[in-house]
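Quick heads-up: structures coming right below.
First chain A sits with chain B, and in the next complex the same chain sits with chain C.
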Partner chain A sequence: MSAVAKSLARSDARFALTIVAGLVLVNTIIFILPLLYAAWISFHDRDVILHTQAFIGFGNYRRILASSEAIAAILLSLKFTVLVAVASLLIGLGIALVLNEEFPGRRLLRAAVLLPWAISEVATATAWMFIVNPTFGALTGVLHPLGLVEANHAWINANTALYWVALAFVWHITPLCAFLFLAALQTAPESLYQAARIDRAPAFQRFLHITLPHLRPTVMLVLVVVTVEAFRSFDLLFAMTRGGPGTASQTFPMLIFRYTFEFSRYGLGAAASYILVAIGMAITTVYYFVLTRRRRLVKIDGAAAQPSGTRLATAEKTAPS
Partner chain B sequence: MKKTVGERAVLWIGIPLVTAWTFVPILAMAWASLMPFNALMNGGLLQWPSGMGLTNYKAVLGIATINQIFGGQPMAVARGFFNSAVVSILVAIIATAMATVGGYAFGRFRFPYRGTLLFVLLSVRVLPPIAVLIPYFVILSALHLVGTYFGLIVTYLTTVVPLLTWMMTGYFASLPIEIERAARIDGCGRLQALWHVTIPMASPGIAAAFAIAFLTAWNELLFGIVLTGGTAKQTLSPALLAFSPTMPSGGANLGMTLFAAGSVLSAVPPLVLALLVQRYITRLNVADPVTLQGD
Partner chain C sequence: MSAVVLQHLSRRYRETTAVDSLDLEIADKEFVVVLGPSGCGKTTILNMIAGVDAPTSGHILFDGRPTEQIPPEKRNVAMVFQSIALYPHKTVYENIAFPLRMAKATRAGIDERVRLTAKLLRIGDLLNRSPHELSGGERQRVALGRAVVRDPDVFLFDEPLSALDAKLRVEMRVEIKKLHERLGSTFIYVTHDQVEALAMADRIAVLERGKLRQFGTPDEVYRRPANTSVARFIGSPSMNLMNGRLVESAGKSAFEGSRISVPIDDAMAAAARARQGELILGVRPEGLSTNSSGLPLLGEGRVYAVEPLGSDQFVDVAYGAADDAELIKVRTRPDARFRVGDAISLNASPPDIYLFDGAGRRIFPSDAGYR
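And now, the complex of A and B:
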């Protein structure tokens, strides 16, 4: 490295640090201070009518962890997250496999597949209400004339609510998974497929032995993205069932909303959201270590040790057109 | 090359399935939005009644009145469109600028604690919005800023900026550094090089970041309800939700056709934007800094 390049590199680091310091400062003001304030709120029992508050230490936390309603909501959140993660992984992969083939109108279908992701969760809820509504929904409209269900069949009931909401959420989030998979599929090693064709390996075997191993890192990435989105999701649940019927789809974020904005129990809500944060952090940490560990393994393979130029070429190629 | 049986099966079964999966819920909603309310209630969704038309759209925008129960609500929806547009555009501009600069610093340079700071960004990403919302609501109520654009924009920035910085980091890391370096060695200042070389190269990513920020703010419901619900600055999602049968104010199914029309209208700006930057969004997602970190 020349002397000029070296001095550039040194001042570059200072430049970058300045920017990052600014960003961290802004983040601290708009993010970390409010979070600290939330911690303070969570240690108090605040009465909005009498305008009093008493320090109660971990009282709110204890109350939540001792409440069967809260535990049920946490478990429901985890169930919802797992359902959404598994289903959107599989459906997203399926969509990507179809879109990866060549057929007339492929570009059009590719663009169209993105639509459910672009519309809001409120609009998603509206759309699915017209499928499952007992009075005028499409599902009853199709199945009732066939004699399969009675008229006014309540599709969303205490046993099924969570599954329907999960399905609607999967519909909303799947395009993202499909596009991540599609990008990975387009970098799949073509020469291997050709060799497999010459050997007359059936399509399913090609998928099992070439495509799936190639997609493994993307599977992890999709799992991270979807888990995060599902675990924190609120809008769709609120718009579609509002946690009901009863508490059948009351996930933890829904419960926090009720604590805080329906019962005005800010301390309880803040404490509950810290518990939610802790669970979220635990999940992310696991994912982070799995992701970085995998990267190290790949590096030992030597497969990832490509110069930046090649990497750019790959990145360009992965953009589906 | 000739397709094998397996591939053809994937296509013949897959294309109709993918199409149906994507379009059936949207079509159901769009169809209902064109129906007269009484026809929907009496005959269900699967029919072609007389009187199909744009009446619901006119009503939801406050141009015509058809449903007395929601007297003031159509006005709220029309206002919601305006409020959401103001908030979303401002959020998109500010967030994109911050994320571009931040992503540039993270993606281009090595400095102490870089990994830790990236991890902080990633963990901020998983924080549930409601955890940030409670302190914001308390602070903003104390400052009498509930029901203002300012309060809503700041809260949106807290969720959007970390995500976009994370994405832009990966994007900048995937761009070749050589051209920028050449410009620097030729005497270009750092900011000059950033402005004239790197940012033009990164413009697809920046466009995608703008779109994602806009979509996030436009589509969001929770912050909108809590910080603007029922006020003159109410955004679109909470305004629409007043028609929903799940809301206490919703009056069972009475608002369903208006709800459908409003939801279809609300989906138009995101759809247009998503189609415009579709190919760039894909590239932005691919380049995530965890898997693409160049160290």
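And now, the complex of A and C:
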């Protein structure tokens, strides 16, 4: 390397280091330090009234995982997440497919569809609570005159609370899914669809063999985003039901809030937060393995003549989707 | 097997006419190349034959049957695309098998045909690869395989070689020609590369701005271009064309251009006399020589540029003032030496001189003397 090239490379490296160092510093202060502090808290039992603090190792974690209240909250969270993920994935894909077609007013509709996502979760909650209000709510207002429900019908009760919150959350998050799908759909090469038509594939087969494989990475992305969003969702739930009635919609983030800010059990809250993160990561990992497709292979005539090493290497590699 | 007939075929978009009242009769088992510059409507024609685009007016007949009501999946047509368009998420095997799967062939039948096709195209050892693991030439072969495997009546090729490098293009050219011989199907091949067209076609349809300019064998379009646009398009470097008119004095006839005049013989003069007005004289670089046989190009010629190409050498000769010269390209022996600025005289032999009328239609030589 010439002296000029060397000094250029050195100046490039210095520039890169400066930029990265800034980011590392900011991240350390607002992200890594709180994380470490939370981990430290999670290993202690702290009493805010007596001002005592004792190291108890994994005691908080053990207590949470042994508590039926916490397990119920985790299961409720999982149920909520599955409901939201499945519904928003399917509806989002449906909306994207429609918006991907040519029709007059498509631009306007595309912009309008994104609105629910732009509205804050608390505002969303307020709107939905108005809709389902037993006395002056819009839903009762429409259905009661038709004789479908009695006046003052309590839409939100112990059996339905979670579903209503899930519905509101789906309404909130689906536009994002639709947009991610729409973006992916627009990059699907038109020539593939033409090729498939000429290969005599009817519309449904074209969807199955071209659109879906093309969307596979986006499905993964959407699932991860929606799962994480739903699993840790707090604002909407808090603004709509506060986990009630009773504990009917007390999801795990809601319980963490209670541990920390209602019962002031900081150690318990911090430990529960780490459990929440661990579950989220576990689900994402499962997605990765389920959605990374392995290639279907066929026997190759005269394969023995080939060096087996290269063939195996190709065969075992999974198609990056 | 299929003869394909296009009748008054037109395709108009909002402001533009992509295909303009095209008539073309393609015989069964024929290899027809549709040749034209980009944007002349070639791909539109293929799309209409395939059924993925509909004509604005006119008809397409397969073996005499109109195709208006036949959707693409019911036409037994295969297409190889410029973009190659392999299914990126499928292996080579699955790509080739796809049309058969859509036709609901049995698993064993599919396997047999895929392997046979792979063998034919020498891609048998690539069956488990993904398209992104293949080289450009291999991808092209797989795309051919996907077309061949269905045993279609008509093959459509949309500039299939334009994405390949020059060396590979020459190889694949031969292979596609061989494939046509072996399969005995009708091939309709679209390209803007006149060398590809001359090398492969049984007949070439020269297209310009959606209109058919000539339909003939490679030899016909080269030796008897119907008009100046075909003359300009076929042959490389292209034909020298000069504007001028017929001048007769003292029983002698000459073509008078602004910079060059050429004494012409009686047959040419007679043809020119029959059409009054402007004339265009055409002569190919390979029809000109620097020795003194044939008809001289009169005027002051100077060597303007020399392009040695190894097997050939092309010399640009400038006629007229330096800032306003008319350039004539001539092919010479590769070992001939020229210096820029030297005076030079050129000669053309009658069989290599073409005359076109003011509208660009060939008036000499006539078709009568051909072959």
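In this section, the second predicted complex is superposed on the first by the 241 of 321 C-alpha atoms of A that agree within 3 Å, B and C clash if a C-alpha of one lies under 4 Å from a C-alpha of the other, contacts with A are read in each partner's own complex, and residues count from 1 in each chain.
In this text, a contact is a pair of C-beta atoms (placed from the backbone, for glycine too) under 8 Å apart; a residue touches a chain by one contact, two chains touch by 3 or more.
Bear in mind that the values here come from a model prediction, so they are computed numbers and not experimental data.
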| item | value |
| --- | --- |
| Touching partner for A:Thr247 - first (chain B), second (chain C), both, neither | neither |
| Partner chain in contact with A:Ser273 - chain B first, chain C second, else both or neither | first |
| First (chain B), second (chain C), both or neither touched by A:Ser67 | neither |
| First (chain B), second (chain C), both or neither touched by A:Pro189 | second |
| First, second, both or neither for A:Val122, with chain B first and chain C second | first |
| Which of chain B and chain C A:Arg197 touches, first, second, both or neither | both |
| Touched partner set for A:Thr160, first chain B, second chain C, both or neither | neither |
| First (chain B), second (chain C), both or neither touched by A:Ile210 | second |
| Overlap of the chain B and chain C footprints on chain A, listed as residue numbers | 197, 202, 295, 311, 315, 319, 321 |
| Complex interface listing, chain B residues touching chain A | 1, 3-7, 9-11, 14-15, 17-19, 21-26, 28-29, 31-32, 40-41, 43-46, 98, 101-102, 104-106, 108-112, 114, 117, 119, 122-132, 134-139, 154, 157-158, 161-162, 165, 174-177, 181, 184-185, 190, 215, 218-222, 225-226, 237, 240-241, 244-247, 253, 256, 259-260, 263-264, 266-267, 270-271, 273-275, 278-283, 285-288, 290-294 |
| Complex contact set, residues of chain A against chain C | 189, 191-192, 194-202, 205, 209-210, 213-214, 216, 293, 295-298, 300-303, 306, 311, 314-315, 319, 321 |
| Residues of chain A defined as touching chain B within the complex | 4-5, 8, 11-13, 15-17, 19-20, 23-24, 26-27, 30-31, 34-35, 37-38, 41, 91, 94-95, 97-99, 101, 103, 109-131, 133, 135-138, 140-142, 168, 171, 176, 179-180, 182-184, 197, 202-204, 217, 221, 228, 231-232, 234-235, 238-242, 244, 253, 256-257, 260-261, 266, 269-270, 273-274, 276-277, 280-281, 283-284, 288, 291-292, 295, 308-309, 311-312, 315, 318-321 |
| In the complex with chain A, residue positions of chain C that touch it | 47, 50-52, 72-74, 77-79, 81, 83, 85, 87-91, 93-94, 98-99, 102-103, 111, 115, 119, 124-125, 127-130, 133, 146, 150 |
